[in-house]
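In structure tokens below, several structures.
Look for chain A in each of the two complexes below; its partner is chain B in the first and chain C in the second.
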Partner chain A sequence: MTAPLLEIRDLRVAIPTATGVIEALRGVSLSVAPGEVLGIVGESGGGKSMIARTLTHLLPAQAEAQGQVTLAGTDVMTLRGEALRRFRGRSVGLCFQNPRSALNPVRKIGDQLIDRLREHAPGGDLRARAVTALAAVGLRSPETMMGQFPHQLSGGMAQRVMIALSLACNPRLLVADEPTTGLDVTLTGEILTLIARQARDGARGVMIISHDIAALSKVSDRLVVMEKGLIVEEGSTRRIVTAPRHRYTRRLIEAVPDVTTRRRAQPREDGRSVVMAIRDIDVTYPARFGRRPAPALTGVSLDIRMGDTIAVVGESGSGKSTLSRAIMGLLAPSRGEIRFRGKTMSSMRFSARRGLRRYMQMVFQDPFDALNPRMSVEDIVSDPLRLVERDAARRSAAIDRVLVEVGLDPTFRTRRPHELSGGQAQRVGIARALSIAPELVVLDEPASALDVTVQAQLLDLIRRLTERRDRAYLIVSHDLATVRALCDRVVVIDAGRIVEEGPTEHVFTNPASPKTRALLDAAPRLYTDAT
Partner chain B sequence: MRIAAFIAKRLALLIPVLIGVSIASFFLIRLIPGDPVLLIVPETATEADIAAARERLGLDQPVPVQYLRYLGGVLQGDFGTSIATNRPVAMDLAQRLPVTLELVTLAMLLAVAASVALGVHAARRLNRLGDMVTRIGAIIGNSLPEFWLGIMLILLFYQGLGIAPAPSGRIDSALAVPTVTGLITVDTLLAGRWDSFLNALAHLALPVVTLAVATSAPLIRSVRASAIEVMQSDNYRCAAAHGLPEGRLVNRYLMRQTLTRLPALAALVFGNLIGGSVLIEFVFSWQGLGQWALRGMQVRDYPVIQSFVLVTATAYVLVFLVADIVQAMLDPRVRI
Partner chain C sequence: MPAAAPNRPAQRRSRLEPITAIGAAIVLAVLAAGIAAPWLTPWEPTQIDPFFFLEGPNAQHWFGTDGNGMDVFARVLYAARIDIGIALASVALAVVLGTAVGLPLGYAGGWVDDIGMRVLDILQAFPVFILALAIAAILGTSLPNLILTIGLINAPPYARLIRAEVVALRHRTFIEAAECAGNSHSSLMLRHLLPNALTPILVIAPLNCGWAILTLAGLSFVGLGIPVPEAEWGAMISAGAADVVGGRWWTATFPGLALFLTVLGFNLIGEGLQQRQAQR
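Right, the complex of A and B next:
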């Protein structure tokens, strides 16, 4: 084995807080060789990001770090001032987790790129080199992008720009901290491959930090599994995914949604009442002045029957969120008709729609965004209940009932959102939706903001709820694997049109549309024969 | 083109704003106790004299009729005649508006420049000495009564050090130049009189500094807060983590983003200044809008007060229009 590029020995990071000292890292040792792709996997709070932050001196000001960190012969811990600035970027290039917020919103992409080139790799025509750099990360129209601002980019484009920025510094070690958060499965694979490719020259090392062991298994040479500030297992990716030794690693692997798991219960025969009928709708967002309006949905038809669980699957920007908004009556279709409980909802006035709202509820992607941070769980759940249940005692009993239903102890009533974990918060979101016994529940990527093991538990809850068939569920997702075990029918949507629709098993075994096949290929799975 | 359409739309907004403001001011000032007619007729006037004066001023008509007459006049550029001085209000306005505008605009420019420099400086030295001094200084500047601050500056720089001219208006009378725009700095330059220009600047210095000090506290606080926010943002830390040099970090990553949050607040402060510079005008014998409006208020000079309100409202709308355009220029995410 070649001499390591990065060598970390017994790294400890403690962060004093008002309520005590948090030991973020409790003695971590690892190394990255030139040309190697190291994956660091674990759930949030495990301390993975602290490693990246130590490397770039971005730890919180009050944090205390001990240990030895050597990167390309430089003692990282003692770097200060000008030496630190030179080290940052040139020796270690960090890709931030959320590229959209990590790009300067008021500076053109091209200028941000040139800033880095000028500092770390000057010489030649900087502009031309910047265009080349953008093209090298797979951006299609780099010339145009030079003059664009971050808010004009999609999530995937922003992440590519982020990678280009980090590479522009020509770092010895490229560190990517959760580079695929918020990206759909297709993009996740592409972005990780792009990052891993940077080690191919044999001189650069790559470190990818992620909670997604399935995605890492495809691109990393070695894996380090972290739990609670400690490395619990380390080894070649192949060995870890095929023969995990530690209990926590096994849990992570088991939590990977399996594209082959089938739905157990089958829907009852037809003849069930149609809860919602969508007939040939178009949805068009109002155009900006001087531009032609771009249709977000075109000719979409769908019947949702009582007891159905339907998955709407598509990539980011395919129109699936628009569809869920139209279903919830938050957007009016420009053509076609949406009938809910026998009434034509799409032609109703806003106030009349309110009466129907009680029969439809929504669960949002980010549970913390969707819960009022100042309200207790009890208030959050009882808010919609107030519409239908005037009696306080009965309302209170209903809250207990619905909390138990989503797997929360009634003692959670007095908690506030910040006292909940992500999984618990999402359960509260589901409880709120179920509290008034709606006939249709729309779940928008209900588990994608959660850690993998929590994700598995939550999907299990949703599966149990849907198997009762006492209402209709519509699950919006970019991930086919997660929905296979949940849904009776799958609707694949692409560029605003339904490209495939049918019973789940049929779609999974005989995908007719190339889009469906692409989504199936991109579904996360463990690559046990990674090279 | 889009900007032209935006400006046109906002200017069109002026019409309902001004009608609303003029109605409110017109009726409300007539509710204030005090009869302007009694203040202008001689003490020996009889009932008949008073009635005659009232009729001459049109104040015997029902208030709605008076309003419509006034509105008709304004549409033709006639703001009425001052009850107290018998001078056309439009003439007074033309004379005094530039005087005040020049003073508060310069004060505002100084305040913004100083606030940005101090606010960013404080943020970069968060909780260290420079930060403390700036914050405490801002609070002191804000809490000092501005007329008192003006008087102290006069005592120090005119009486004590003798480097500032007497607080006797905008220019020494010997150096006076003909009025063209009403802005003394511009007029002196137009007249080609360098000595007059410098003299005018010297006269402007103390009142401008006083106003700037008195108004910059909220600006400094806002700049400091947004600079801190930017420095804690992912994008600033990312630029730092990529090893960009200090100067580039501050200019391109910190300043620009900090500035995008300033225009709205600056516009508010500016708007307040236009209507609220009266104390400073008084202290420095500045023959501006504020003093004129105050005198009008004292004698219930209806046309004067109404015009003052209209001018201030227009100024607010225009200042916010400029602020929104500046904001859009600074921040590509803002579309107008």
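Right, the complex of A and C next:
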């Protein structure tokens, strides 16, 4: 084995706060060899990001770090001033979590790249080198992109630019901190492969930090599993995935949605009443000044029957969220009609539509953003209920009942959103939707903002709810794997059109559309043969 | 998921900034002195001592007497009631008016919002004090009219502030969630939007109380404020301004100091609240 490129010994990071000292890292030792891809996996709050931050001296100001960090012979912990600046520029390339906010919004992509080159690796035609750097990360028209601003890029493109920027000065170590957060499954695979490829020259080391063990298992040589600031397990990716030793590792692996798990419950036979009928709708967002209006949905038709659980699957930007918002009457279709309980909802005015609200409810993607920060759980859950149940005692009983139903203790009633964890907040969101016993519940990516193990629990709750078949559910997701065990029917949507629709098992075993096949291939699964 | 800080900000509230506490202490002290005035001085604010006109500070009249033979100390104390009372009432009125205009404008959006905002633009194009002069001149100078005048001229900034907050909140997911829950327009505005839009208002309001007192003093100074012989700091400064030339400094200086202290107090409260909000 070659000498390690990066060596971290007994790293401890403590962050004093008003409520006490948080021990973010409690003695972490690891190494990265040249040409190696190391994956660091764990849930949020596990201390993973603190490792990347220590490497670049980007810890919070009051944090205290102890231990030894050596990168290619340099003692990282003692670097100061000019030496630190040069080290940051040349030796470590760091890709941040949210690329669009990590790029300077008022400077062109090209200028940001050229700046970096001029500062840390001068020489030659800087512009030409910048274009080459963009082309090297798989961006198709690097010349055009040189003149573009970060807000003009999609999430995937922005992350590629971020990678190009990190690699511009040919660093010995590339560190990517949750590089695929917010990207859909197809892009996640592409970006991680691109990052891992940077170690292929044999000289550079790559460290990828992620909560997604399935995605990491595909690209990393070795895995380090972290829980609460400690490394609980370390080993070759293959060994960890096939024979995990630590309890926490096993939990992470079990939480990976399995694309082969089928729905146990059988759908009811036909002949049930249609709750909602969507007939050939178009949705067009109003044009910004000087631009043409962009159609978000074109010619979409769908029947939702009582007891059905339907999945709407598509990549980000495919129009699936637009469809759920149109169903909820939050935006009006420009053509076609939506009939709900026999009434044409799409042409109703606000007050008439209000009368139908009690029969349809929605659960949103980001659980915290969907809860009013100034209200208690009790007020949030009873917000829809308030309109139909005047009796305070009965309402109170209903709140308790629905909280228990979603797996929360009734003592949660007095809490406020900031006192909840992500999983608890989403349960409150579901409790709100169920409080008035609606006939149709729309869940928009209900688990995608949550940690993997929490995600698994939440999907389990949703599965149990849907198996009662006492109402219709529509689940919007970018990930086919999570919906197979949940849904009776699958609708695949691409570029605003339905490209495939059918019973779940039929779609999974005989996908007709190339888009469906692409989504199936991208579905996260554990790779036991790391490449 | 952002790399969420494992700690949850639990005890962020409760403790006041020291600067807020000092400001509040000043304002409360001045107000308490105004309310306790009958016990602090034997003199009535409009009582005339026939033996002393324009007498300097002495054992009997601590701040001296003015040109009418009224006790300046008593008048400065009693004026605190009117000045702080008008300040609080007019700012409360401005907040209510501003909210009543800004909240529906921000909620409705579109052309309603456009027209409303242009009307506010026009109102705000007039210099504030000139506008106050005009309104006070039209309505006449009584206590309720003064509150109305100062409330009216202070309302447009609040309308803007509330509207801006509401526009930013309008498309947040929790408002959409509230709409999906079946809330009516009024309940969306009052129950869901208003409590979330109110924070910046509460920061500005104390600062505004200071300005309100200054506006009142300004109106009184030019003769459109509280009519004599009622004790009011601005009117006292105005009346005393002429005496200063003759070396009789006490009639204008003491109400001036009281005015200065109170406005300072309100500003400190506002400053503290602003710092606290900036920390979030």
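Here, the second predicted complex is superposed on the first by the 528 of 531 C-alpha atoms of A that agree within 3 Å, B and C clash if a C-alpha of one lies under 4 Å from a C-alpha of the other, contacts with A are read in each partner's own complex, and residues count from 1 in each chain.
The definition used in the following text is that a contact is a pair of C-beta atoms (placed from the backbone, for glycine too) under 8 Å apart; a residue touches a chain by one contact, two chains touch by 3 or more.
None of the values given here were measured: they were computed from a predicted structure.
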item	value
Touched partner set for A:522, first chain B, second chain C, both or neither	neither
Partner chain(s) touched by A:181 [first = chain B, second = chain C, both, neither]	second
First (chain B), second (chain C), both or neither touched by A:119	first
First (chain B), second (chain C), both or neither touched by A:17	second
Partner chain in contact with A:102 - chain B first, chain C second, else both or neither	first
First, second, both or neither for A:90, with chain B first and chain C second	first
Between chain B and chain C, more extensive residue contact with chain A	C
Touched partner set for A:357, first chain B, second chain C, both or neither	second
Chain B versus chain C as contact partner of A:256, first or second or both or neither	neither
Common ground on chain A, meaning residues reached by chain C in one complex and by chain B in the other	97-98
Parts of chain A lying in touch with chain B, wherever the complex brings them together	56, 58, 85-90, 93-94, 96-98, 101-107, 111-112, 115-116, 119-120, 149, 151, 165-166, 169, 288-289
Complex interface listing, chain B residues touching chain A	2, 5, 233-246, 248, 252-253, 256-257, 260, 330-333, 335
Complex contacts: residues of chain A adjacent to chain C	17-20, 22, 24, 44-45, 48-49, 97-98, 177-178, 181, 211, 328, 330, 350-351, 354, 357-358, 360-362, 364-366, 369-374, 383-384, 387, 418-419, 422, 429, 432, 449-451
In the complex with chain A, residue positions of chain C that touch it	1-11, 172-174, 176-185, 192, 195-196
